[in-house]
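What follows is a set of structures to go through.
There are two complexes below, and they share chain A, which is joined by chain B in the first and by chain C in the second.
Here is the complex of A and B:
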């Protein structure tokens, strides 16, 4: 049974999501995709809320996790970082969950979403998972966050080890890891893997990846049709609902709306003055601000190479598990932030700047993310070589106490002046 | 009140002084320069998951890349790695950028933590040492993980052979295993001495020995260490402290940090550092019919684990064993800011140690720190607390 406290937190996310959905539906100018996005979100959290009451098995998992496997096994996934962000975004409870993380002994240098999720579990703000699943994709924080959560929830867990590089042996190792995880889940949940279901999910996932790529292509258009606020929605779609019908429905609607805007030569901001590359993730709580300042200055983010640039390649439903493994290597974050930073990845960044005709880049230097910040100087050097100036803003993606909106506005305005002068 | 030394520190152990001289001259030590002058190659390695025996068997002098042995302004390190990467990686990079490792012919790392892998990326991009290699290091100990790591070590050897234009024969690998195992056995002997009520060597002095061990040819190091052990056996020097302490946590090279603890009477009798116990603890065991590369890869993955490994219980159990063996009264956890793997483990480790009645002092430090006034105050209070518990 889900306790009342836990129920209320997840329920509050659902209520907030439903409210936005209704507001979108009531507004004739609001695109259909917006309502579909919140419908997807509502559905995800409703399943989570009701899971234990319906006798379902909940598996909590960290970011960039192949939750396609969970869906195929009829296990209810709980994306830990995203759920923590949602609580922060919708409920404004960052301070409470971060201080609970600190009480557990997690120091401020640990990435805030991971401190937050441990804090959220210790507060009982998230449903107690029946199993904890975690991996080293993408960093030491994800690799090390699972055991404390297992301890807090007194639940079993499985650590999924992603090899650092790609080779036949490493791919085989990862496939073996997935097989071992399925065995673990079958044993703990008593549910069997439904391979036909996984095959269908893979088929949809393949389509979903095509949709992401199509959306990426549409954003190359001048003016770009995609709004600044849409970035977070694209991320959460794959994080929460990979290969799920709700995700396809949302992405198809979004793709069609963007295509229509391209045909009509409409931009997300009008007039479009500056096209930006976004490096890493802006603070979640500033999404509204970024939309506003974008409209005010005619600034639009057209590409996020670390998060929305999917690798080319297809998935094969006749080889579902191999495809899940392949997808794990194709996700933008895996390509750009994990594995050795080779010439190919660096060239891709430069190509991206040219293909999307960017005027400047903003690097959101999230202080909890060490491995990405280590590329600030390198990326800046590379982009400067192709005449793209870079603004770096130190921030925290969930904690609003690190810097103020006014401070960020001032930095961005100065940057826009610089772009104007060029 | 400092640890009680029964003979004046002015009476130096001659071999210990030689080890100190190596560390004082590092990175451009006489031994390294001599090796280079004879046409030998010198490779830098990062992290204890890099199998040094492979380099040694290829006739290369392996040198551990470390940062400044004191707390420094890290302007270049901050600019290139950003301020939120650990000061160890920033310190190493700064030394590299400033040409202090210009003698290196190669750089080898493992995908062990975010700091190490990004340090390797930037080293490759900006410093351009002729040879670069990074090994995928699994975080598990399963059979499949061992197969993968064996393949990685094999691939590393092949890459090296291609670079050198010659093969590394098994006989040379066997010889290197013997040399390194000899080193490990001698270091174990040194640590055994520290189990005594009043050991003949302090924690800070031991760190001098360890630092030198990865900055000079192993054969010479083994000879010197054997000499030191003989000197210690004949010496009447003893060290006695108010409490027997163990230091755990992030990479650390500065003996002054240990000295600052010992200056207050906390005798550091053992540790769980990658620059100390985790470096030497397990020998390479070549089973009958097993290839030396297989034996090497097995040892490096199974060795006393870094906090990066999963599950953490293996690391915790080894720490608990050391606590028992060395009769540790208290544990000092020193974690470099932004050293995330150790930071995540700390709450769990603290619980395990609490279960056996061992208190923990958790210090957030910067790499190279010698122990500030604030640290000294906290150590002092920790020692008083331990003494009060004993009464």
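Here is the complex of A and C:
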């Protein structure tokens, strides 16, 4: 009998990832970090694929969930949104999973990764989780996803409630939520929290955030050494492997390679003509296209203020659970997607435009993320005030039926023309 | 060296020839299946009018839906950039322009130097475009000119949806067949208002800035322009031949290239 994890699409993701890793290893011109990134992905999904056969407990969780806790309890995490993206990216199976989502009554106006992940579970494309963990960080979709997935998989679940603001009372409340979740997981999985392990993970996570900041600093250089495809890789690293040795190994290699390129004054595109700020996330299935058009026109994305810029602050391994709570408040995406925007977030946008010497910005207005799209005008006006033109592209990050590559190319070419004519 | 701009649109192809003094010839022909052929015909017609031949030294810049892939031009430029140049040549005070073409509507912002500052377009649905108006004219069984004149006599306005061309069509049919039928002039005014409300929401997305010019074939529709002015609350600038503005802009780009010594 074929085990249920073997029936899933995880095996296909691993095969695709391993193939790219080997291609990178075989190519002497390919940076070492590329192979390490795919090694990290392969390892994550191999653990997931083998989890049930090895008697391990799988916890599915939504985005921005503190999976450090799962790693510390030897529970296998399954990042639901990212795994759906991976299926879209590597296997091109968006249509099938979105159609399955539609059969569950999820209309096209709902965030496509969430439609997709529900569809993927209903198709059996993802392994059956032993528990579902979800939260209100970062949106109503993440807050509402859990019950349906629990129902599909007939598994127990835990909802983690994040306060909007930070104060002593709210920090204490959130810490209580994390403690309750640990109790829930201990009861359901039979695994105990290993506090020493959590402390080590927190220490590495602190280093991981520092590596992000160092990489961000290196990208300020003209020409920028960081390729357009790197954005998705940074996101995936953070989402799948917080505080994991594979993530550190990849990020250190990447940082060293970028530092070397900066010393040699080498850019990711040559010649570098336009430096862009990326707002929100480009369609995942167009990463190859964005790399290509970047090379063609000498365009490089130098900063993603809403996604890869961790807020200031450090984590303290001697207070591991408090640090996990603190990290939740420092998540870059919180600035634009969770709670009020705040003057600090707006100022950061302006600072980024100046510090990264940005020529223009592209706002990927993901139609399924309506609350984020509410910032389009505000951000555009703000950047226009500092003489940064903004291109807004209405799109979907997973569903390719909303715009064609040709349509996006046309808009981007017009924008490059606008930048050139200034 | 003369500067020639050619705008290959989905319904018509336009060509404009400029020399140091201004426009010396222009042509408008129906677009065929092949962009190359349409561009060739429009260029030949304009050259004929100007008494020129291709080997007399002409720098050609192409634009429009089919402008990118033609071999006849030395350079191609986006429609939005050409519209900005064309509008600026005609109306230097214009800071915004609304282009209402056959298959899309585009709103652009123009800098003091006549460069494109920003743009927004709608090309997902026929609602708000020239083709939509043609379809409505068929439904109303009257030519576009007659519809435009009729709209000026409207005392009321039928409610017509602005979000979907197909739904709008059924609504018009229902107005025609209801008892008593909605007056034709009110239906036409409603059709125009549905187009205008879509255009206005596009304008608002990038912020309305005066002076505003209106270009493209639909700008020749006086009834629609009047409703647009009513909604904007001020008069707009309409060129004598609004359908030629993008081709004029392409010719301006060609002129700039000649001045810079670019050979294409």
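Criterion: the second predicted complex is superposed on the first by the 413 of 422 C-alpha atoms of A that agree within 3 Å, B and C clash if a C-alpha of one lies under 4 Å from a C-alpha of the other, contacts with A are read in each partner's own complex, and residues count from 1 in each chain.
Methods note: contacts are C-beta pairs under 8 Å (C-beta built on N, C-alpha and C of every residue); 3 or more make two chains touch, one makes a residue touch a chain.
Quick caveat: nothing in here was measured; it's all calculated off a predicted structure.
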item	value
First (chain B), second (chain C), both or neither touched by A:194	neither
Contacts of A:389 with chain B and chain C, given as first, second, both or neither	second
First, second, both or neither for A:96, with chain B first and chain C second	neither
Which superposed partner A:413 touches (first chain B, second chain C, both, neither)	second
Partner chain(s) touched by A:210 [first = chain B, second = chain C, both, neither]	neither
Touching partner for A:291 - first (chain B), second (chain C), both, neither	neither
Chain B versus chain C as contact partner of A:252, first or second or both or neither	neither
Chain A residues touched by each partner, larger count belonging to chain B or chain C	B
Contact residues common to both interfaces of chain A (with chain B and with chain C)	377
Complex contacts: residues of chain A adjacent to chain B	104-107, 109-111, 136, 139-141, 143-148, 151, 159, 161, 163-165, 167, 169-170, 173, 176-177, 180, 340-341, 365, 367-371, 373-378
Interface residues, chain B side, partner chain A - complex	79-82, 84-86, 111, 113-115, 117-122, 124-125, 134, 136-140, 142, 144-145, 147-148, 151, 155, 307-308, 310-312, 335, 337-341, 343-348, 350-351, 362, 364
Residue ranges of chain A touching chain C (in the complex, touch as defined)	377, 384, 389-390, 392, 410, 413-414, 417-418, 421-422
Contact set on chain C toward chain A in their complex	77-78, 80-81, 115-120, 205
